[in-house]
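Paired with chain B in one complex and with chain C in the other, chain A is shared by the two complexes that follow.
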Partner chain A sequence: MIILRMAAKRGSLNGMKWRYIVRRLCIAVPTFFGITLIVYIIASFAPGSPLDAFLADPRITAAELARKKTAMGLDRPVAVQYLMWLKAFLGGDFGFSFSTKKPVLDVIIQRMGPTLLLAFSSVVLSVAAAVFLGISAASRINTVRDYAASGLSLFMLSSPNFFVGLVLIYIFSVKLKLLPSNGLYDSAGEKSFGMLLRHMILPVLVLSFQHIGNWTRHMRSSVISTLTEDYIRTARAKGLGRTQTILRHALRNSLTPLLTVIGMSIPEFVGGAVITEQIFSWPGVGSLMVQAISSRDYPVIMGITVFVALLALLSNLVTDILYGQLDPRVRYE
Partner chain B sequence: MNGRRSIKVFSGAFLLMIAVIFAGGRVTAAESGKTVTIAMTSAWDTFLPINSSSNYSRLIYGQIYSRLAAGRIDGSYVPDLADSWEVSEGSTEVTFKLNRNVRWHDGVPLTADDVVYTFQLYSNPKLDALSRYMLQYIAGADDSGAELSPGSIGVKAADDYTVVVTLKSPMFYETLLNDLSDVFIVPKHIYEGKTIEELNSPAAWEKTPVGSGPFKYADKIDGERVEFTANKDYFRGAPDFDRLVVRIIPGTNLLAGLISGEVDILAGGGLGSVLLDDWELAKHQPNLVTESLPTSNYQTLVINTQKEYFTEPARQAISKAINRKVIVESLLKGEGEAVITPITPLSRYFDDSVEIWYDPAEAEKILRDEKFPFDRELVFLVPTGNTMRERAAALVEQDLERIGLKVRIQLVDFTTLMDSMLKGQHDFGIIGSGNSSDPSESRQMIQPGNSVNFALLTDPELADICDEGNAALTYEERLPHFKKYQRRIRDITPMAYLYTTNALMAYNKRLSRVNPVNYLTLYWPTWEWRVD
Partner chain C sequence: MDDVSFDVGEGEILGVVGESGCGKTMSMLSVMRLLPDNGRVLEGSALFRGMDIMSLSEREMCAVRGRRISLIFQDPLSALNPSMTVGYQIMEPFLIHRTLTKKEAKEAALNLMRKVGIPSPERRFSEYPHNLSGGMRQRIMIAAALSCRPSLLIADEPTTALDVSIQAQILELLLSLREDTNMAIILVTHDLGVVSEVADNVLVMYAGRDIEYGTAEEVLSRPKHPYTNGLLRSVPKLEDDVFMLDPIAGSIPRACEMPDGCRFHPRCPSAADMCRSEKPGRYPGSGNSYVSCFLYRNV
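Coming up: the complex of A and B.
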């Protein structure tokens, strides 16, 4: 747990930091396995089984379903199934997908690339836009610029992803025919980086939309709070212009609270980009998760859970550490 | 770096990025000339053809591989690998004469040995083969299609280009062809000698699959697309275009893809059709050809026959209370047809003398006579994912409430629906089926003990009628049995069959000789397509 306290001795800070990290990692281990257990139980007790997904073809025989059931280990109690999964996982084996028979690790790694590309681009765009809009609003508080930036952020925050996605596809793909509406590449032509960038524009915009709105509001209030500090008043009294004061003195301190919000949102970008990936046929982890849940593909569900849980735990830890780096008043206890 | 310089650097980087994006080329399918893009709404599962129950996968297999014969919507079969076939006297053997000009994509000739090897491989019980049932009628296999002993399946090569399939018992040969039309032949010289572990590994089938179909596998992005290049040596004629791309696109975006030119043609039927809500818009697009194709795909209201209050007269009353005409005319805007049995007007076994019921007053009277518990809340399970079906369920609910029933719709996902119905947790459920020219397609759903008998019917009468029909060896002999089946299934009413839906097909005008009607039976003759 991080608390704000003036650091008395710089020397002891590093030691405290390492102790803090080790302690956090120790807490993370049972948390991680707790998450896997809960997800396995929920998935297993959800109505339906992986075999039901095969019934889409009613001609499949009971004998074949029985063979599948045994091969998948579904004839054993849920507790045994979980322990078997856990044992394999601890040995580095994520198992095989029930529906595609491929190694789960390969499947997830393959899907992770497009998801990380989308997530990283969206974080960069969201931070850039939120910082710009937040500062614009806070530096001219209660003016038209503030109202416009705040109104825009509220609009973005309250716009559902699927709706924004469909509107953007209608405008840029259907009407203007400027941007592609799905996939990583065009059907025709050589696959190139430029082609990939064009395909990324709409999904990145959609994935960033709500985050820009949310983070702009945080940034605005943070900058407003920072601008009331004595050192800002001092800087202004020394004759520094408003823009220079904000960029040189207020920006860094205003970013610190935003960092926590961003850090908490990272797992959302990776595991929660479900709707965006579905709308734009983006072959990432989000769309994989939807398929896995609908077909009750337990090994894939568990594999994605592992990745997202690890990412959530690590991003929280990294956020806390960075928080301390950005604000020297923060002490680790 | 001062502020002005930073702005210049960032502006430069931004312009460079825009340049890269647009220099990267916006090549739409329409501009590229010889690439055709098919869109379907869900991904394939595996590249091992016999281990899939997915029609999305079968679209992919149909491009890479060939089968002995392919089915058409009118119930007839067209030659594929087999130029012709002959049924022995007594219907115990079918002899297929193979085309002599077929070569695998690597240039090796395809012979009867490949066909025999494929059937032996697929019938090996150690091979993962979800659809092994397709071999169930062949001698030397058990009811699941697995061989009784190694190599026992009754498929033999009479010579290099003649294959003889021996049947367990005399049967109508088209029932066999219906199953064999989804058995894709794989190359012996590629897979012979591999261990069963290697054969069960997806890598063995998807790295560089060698087939004999109109297109060669080129590349794929899992969950997004499969790319093919034309097989210029295809034995039925080289395709008119160089590349085929099968892409996964959600149903809500299919029309947008067609209008923008990113998609050339839809996979059709349940694999990818224009949404009914988009149909008027699609019909007015200058770059598209649209066709509304009647299908045998139907929706049916499943009734839990194990509930004591759903007696046969009560089930008939439920069926009589539903105004199918309103569903078809108002909800489907005429793009479908009302039905009361699973044998639809497209079938040559259809009996138009079996009238569609609608008499709510009579329905209410029957229920009162049956002392139906009107105060009981009836659970109606409705699967999500098909908007029209959800709306139809709401109309059915209204019709049932109009005769005094209390119905509570419960939206569930498809897997939950299956599970709940098999456990008997429903009063009603709604589900789709069809997509076959086989008049006994619905047999599994009314067969006691079957894993898709969602009505939980225990009376074997209907399944027995189907079996009697299937045992007859000619169409003329089969017809009376399936006419009887239609009358009895309406009267017994394990389900209230509701309506068929048309496949709303659209494709770019630059394509011709597309003939999409047969896509509904999983036959996509892409080598016949012409591209302007």
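Coming up: the complex of A and C.
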């Protein structure tokens, strides 16, 4: 009872919120280490070894291979290998890439920029498009507008992004020669912001495609159910027009269910951008991940895992906090 | 709904009574032209100060809603937006209908909150509906409805969701507001006690039709229509020694299976052959009163 009464006061509500955040972060710690453990085990048990790359060299001897194996620590049991990685990681050492010999942290940070740029732009585009399409459909259900928006979202939802990527490249790069299809910049010419933007259009579109379809459907059903609420009728009775009622009264309350869906898919924009980055030769974390996995480069795999796991945990926390911002009835307990 | 008609004069309180589901709320919503998507006004007119509301464009109608005619609802918790401060919800009609600055609107809203009896309005202003009690929420609804000084307030069961003690406070508030502003009030309710306390005139509805109209005194103490009679008999009275309620047998027919003739005839104790086939007209009594029952055709 005392806690409830305290929570009713504005000042201590903020206190509750901070305590909630701290508690959530504490819970996130074991989750985080659990993720790294599982990924390490799966990567180790996958067939093949980082040593396979050396076999391409016909002059390499068995003794040389054994020496390298010991030097990389691969002769020890997987559990010991993980603990060694963990010990180094806790000391801030991400290790060196097996294949390029560069420090893992440097490689990832260098790749993080393009990935975050792509992910952020795609999230913004997806939210904007889904909210717009969802509202357009929901505000006039069972009309041509609704069928068009719903049909489009179903089409987008069910188009795999490797296919969409190839189709868009064929249309806009090969046939129309309007947009570039690989990299951050053209190989020639000055690297300007405008050039970067042009290079971003297709990858962002492809990465957003399925999410727009999915989120539009969520937004549509959320707005439809919000519009049946009594307070919508109240807003209309005050003299607000249809559109204004939707924008001022329905929009915010419809966003809460969508927020959960968005929060859960944020990691997909970084970790799941693998295919999109491959198609467009985007120098990001996703394509680095593909290289690392195919060469069994454990330190790089683990480094990327750390960042994606942190991002996933963080976006879940941010989602829950935003939830409370959108809906004042939410209590942090 | 079929052929409902009623008048309200300035400063008058009209009580609209009837069982749940008889079309009270729908008639009110159709006056506001806010029927849900599956409802439509097929024909009819609503004259408001000589202006036919049914012929207004949607845009003109928006200028009437909340400014000339206001509506308050049964359940103030669901009728208030949960994610907006109550202060904003009171200010909103000002921002829609008048060109006030935010500051002026806030000042006006605080005045309204004082007027409807909300203690420490400055603090309440920035609170959300879920922080307030049921009575306070209904006061917020009333404050928002009154903000543009409407000449007609439609109160759809404003006290049904409230405690009895709070009910009395809200009714008193409505009465005093009527004194101040001389606005007309349509009070929709199924509580005959509420009607007898505050209404000047009463309209009784049954199954989508108006069946009796007259002054509150007349209708409640000398009911004519057998349905009104039954309605009054099913109210418990304290002065009776024995608590024997006399409910009306049967239940209200569904919209898809309305009986021919008088819609009440299957439940009516004095139904005659004629009632089964012909629709009764409105037969006048004293003053403006009328009753829609063949028993009074020749009176």
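Basically, the second predicted complex is superposed on the first by the 312 of 333 C-alpha atoms of A that agree within 3 Å, B and C clash if a C-alpha of one lies under 4 Å from a C-alpha of the other, contacts with A are read in each partner's own complex, and residues count from 1 in each chain.
In the analysis below, contacts are C-beta pairs under 8 Å (C-beta built on N, C-alpha and C of every residue); 3 or more make two chains touch, one makes a residue touch a chain.
Keep in mind it's a predicted model, so treat the numbers as computed, not measured.
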Checklist entry - Quick one: chain B and chain C on chain A, clash or fit? => result fit
Next on the checklist: With both complexes overlaid on chain A, does A:55 touch chain B (first), chain C (second), both or neither?
Outcome noted: first
Next on the checklist: Tell me the angle subtended at the Cα centre of chain A by the Cα centres of chain B and chain C, rounded to the nearest 10 °.
Outcome noted: 160
Item to check | Touched partner set for A:87, first chain B, second chain C, both or neither | outcome: neither
Item to check | Which superposed partner A:239 touches (first chain B, second chain C, both, neither) | outcome: second
Checklist outcome for this item: Across chain A, the partner (chain B or chain C) reaching more residues is B
Next on the checklist: For A:327, using the defined touch cut-off, is the partner it touches chain B, chain C, both, or neither? Pick first, second, both or neither.
Outcome noted: second
Checklist entry - After superposition on the shared chain, which partner residues are touched by A:19: those of chain B (first), chain C (second), both, or neither? => result neither
Next on the checklist: Looking at A:65 after the superposition, I want to know if it touches chain B, chain C, both of them or none. Which is it: first, second, both, neither?
Outcome noted: first
Item to check | Closest approach of chain C to chain B (Cα atoms, Å) | outcome: 13
Checklist entry - Residues on chain A in contact with chain B in one complex and with chain C in the other? => result none
Next on the checklist: Please output the residues of chain C touching chain A within their complex, sorted ascending.
Outcome noted: 32, 34, 58-59, 62-67, 70-71, 73, 75, 78-84, 92-93, 96-97, 128, 130-131, 141, 144-145
Next on the checklist: Give the list of chain A residues in touch with chain B in this complex.
Outcome noted: 46-49, 52-65, 67-68, 71, 99-102, 107, 110-111, 166, 169-170, 173-174, 177-178, 180-184, 186-190, 192-198, 201, 243, 247, 278-279, 281-283, 287-288, 291, 294-296
Next on the checklist: Could you list, by residue number, the parts of chain A that touch chain C in their complex?
Outcome noted: 8, 229-231, 233-241, 249, 252-253, 326-329
Checklist outcome for this item: chain A partner, complex, touching residues on chain B are 3, 17, 20-29, 31-33, 35, 37, 43, 45-46, 51, 53-54, 125, 128-134, 136, 142-146, 200-202, 221-225, 243, 245, 247-250, 252-253, 256-257, 259-262, 412-416, 418-420, 433, 444-445, 450-452
